[in-house]
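Across the two complexes that follow, chain A remains constant while its partner is chain B and subsequently chain C.
Then we have the complex of A and B:
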């Protein structure tokens, strides 16, 4: 439970800050801060990607110094399809989300997994 | 918290038409098992004994144990997807028993937590047997 509140706090903080900024600055600067917010929500946050990489490393029993970029494919790291499903389940447990089967089929790289997680966490009704 | 997962008791579903559908069923079963893990840990008080990731690994190891069931030539009279269906049925039965608290804590710990579980389940079938035994059913003179 403690870890759940920590993750939800870390996701909420940036958006609260940006809304405060957009309310306090003048109309001329409003556009740029709005586009900045859009940029943050499109790409997955680096900390999410890092957490996903940690889970993948642990699941596939990779050594700690294996270079894991966001674009690494699971199959390239030696995961078969059952491993991929297991990784998705581990992510479900860690981030407290529920991944549908259709979404799970499309996950092949770490970046896609992180994007999907961000998507689902934002869609989840705020507890 | 994500919505609590309940194991729906479907009757025996019709046989899978091909390997792809059997594959999909295997993954669905694995997902159902993983989603029931919080309930299981709660029922049998396994919080201090094992982590959910270890149980997930145990489940996937059991599935992998039967991963060799893909060669149609090895099973001339039965289709491969039927065999997979049967294995899934047994797996589903086991999962339902566990979730219904029809088992006891020492069963779970002995079968899924400690080492490789019951002795007769160690190792997948047909691996490590000699060539003589492997060809025993095919012919005497290979």
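Then we have the complex of A and C:
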């Protein structure tokens, strides 16, 4: 995992992430702010994405073999606002986090939900 | 009162669409509520003709939906909006395809009247798996929300309410012993609260659900009013509620299967006058049916 400290950046990224980061740096100055963003908030782990997918499938009563990807949009799967709120509640329970209403409204894909979850989990004070 | 235009449709087959029966704009304080039941629209040729009404952006939106049923419902939703708004245009040959839409700065869909400013017509749409509704008003922003009466909530209803609703609403729900009755009241409140937020048109963050209460007006069967809790004060006991009449609500049942909430911004000049809702069921270009006219105090 990449880590960010006050004075240095160090990467011990798994191969996929380090490839992505080095690619964006090589494209020149327009990419630099994007690569900085990638360094600070890494995309969510695949396990998190999977757990979110499972919760979404359950809430929307999708068949077990419905192919969901990280990019799947809730609205395209037939979720209305009540479904989205129920999904957020289920995620709060599963990951023991608390989602602000403003953040909850901005979640439109599985990836966004997973990213928010990992962000909140990371910010929790150590037990 | 049934009006069938089936014969018109059979005559003009491929390119020309039949005219929709034109209607006068609603008067102030009236909401016209139109709904379509997806299960009743089965003809693939009819659905194909509906898809010809849509813009490319709308067609792309329909294609994004996963699965045939969701695609069909998305198509019907756009068809309902276009044909409903088209009915109120004074030009009898008005083509629903010519309507353009845009979003306000907060994302609420509106008609883009191009260069014809000061158009009084407002609309709002809501859909569930089994019913799609569109409300139309003049001179007043409107919000509509529909929900299947039998919709099951996966979480405990009171836990859900405590998380999202206002304290007064939680207290109200907590007094209901029967779980089924409690679930129904929860759903009714959900539709009323959604309708308000949609009428407001400023996005959900402008009116978080726990900052306002919608409650029955004592002495009326179906009257509801809105109370907003004030900003956080130093002393929680001093929390004041401002109940105003700026927003009017109606809660109805459609097709015996759905709750529908309508919220409109009050016209100050007519303060105190009741709100009326005229409900019509439609299969665009095929059949329109007047269902009811109701008054809400």
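Methods note: the second predicted complex is superposed on the first by the 86 of 127 C-alpha atoms of A that agree within 3 Å, B and C clash if a C-alpha of one lies under 4 Å from a C-alpha of the other, contacts with A are read in each partner's own complex, and residues count from 1 in each chain.
Everything that follows uses one rule, which is that contacts are C-beta pairs under 8 Å (C-beta built on N, C-alpha and C of every residue); 3 or more make two chains touch, one makes a residue touch a chain.
The structure displayed is predicted, hence computed values, not measured ones.
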* **When chain B and chain C are modelled together on chain A, clash or fit** => clash
* Quick one: classify A:101 as touching chain B (first), chain C (second), both or neither. => both
* Just chain B (first), just chain C (second), both, or neither: which does A:46 touch? -> neither
* Determine, under the contact definition given at the top, whether A:90 touches first (chain B), second (chain C), both, or neither. => both
* Asked: Which partner does A:76 reach: the first (chain B), the second (chain C), both, or neither?
  -> second
* chain C-contacting residues of chain A that also contact chain B -> 58-59, 81-82, 85-86, 89-90, 101
* Asked: Along chain B, where are the residues that touch chain A in the complex?
  -> 1-3, 23, 26-28, 30-31, 34-35, 37, 52-53, 56-57, 60, 63-64, 67
* Structure fact -> Residue positions on chain A within touch of chain C in the complex are 58-59, 66, 72-73, 76-78, 80-82, 85-86, 89-90, 101-102, 105
* **chain A partner contacts - residues on chain C that touch it in the complex** => 64-67, 70, 127-129, 147, 151, 153-155, 160, 163-164, 190, 194, 203-205, 208-209
* Complex interface listing, chain A residues touching chain B -> 4, 58-59, 81-83, 85-86, 89-90, 92-93, 96-98, 101, 124, 127
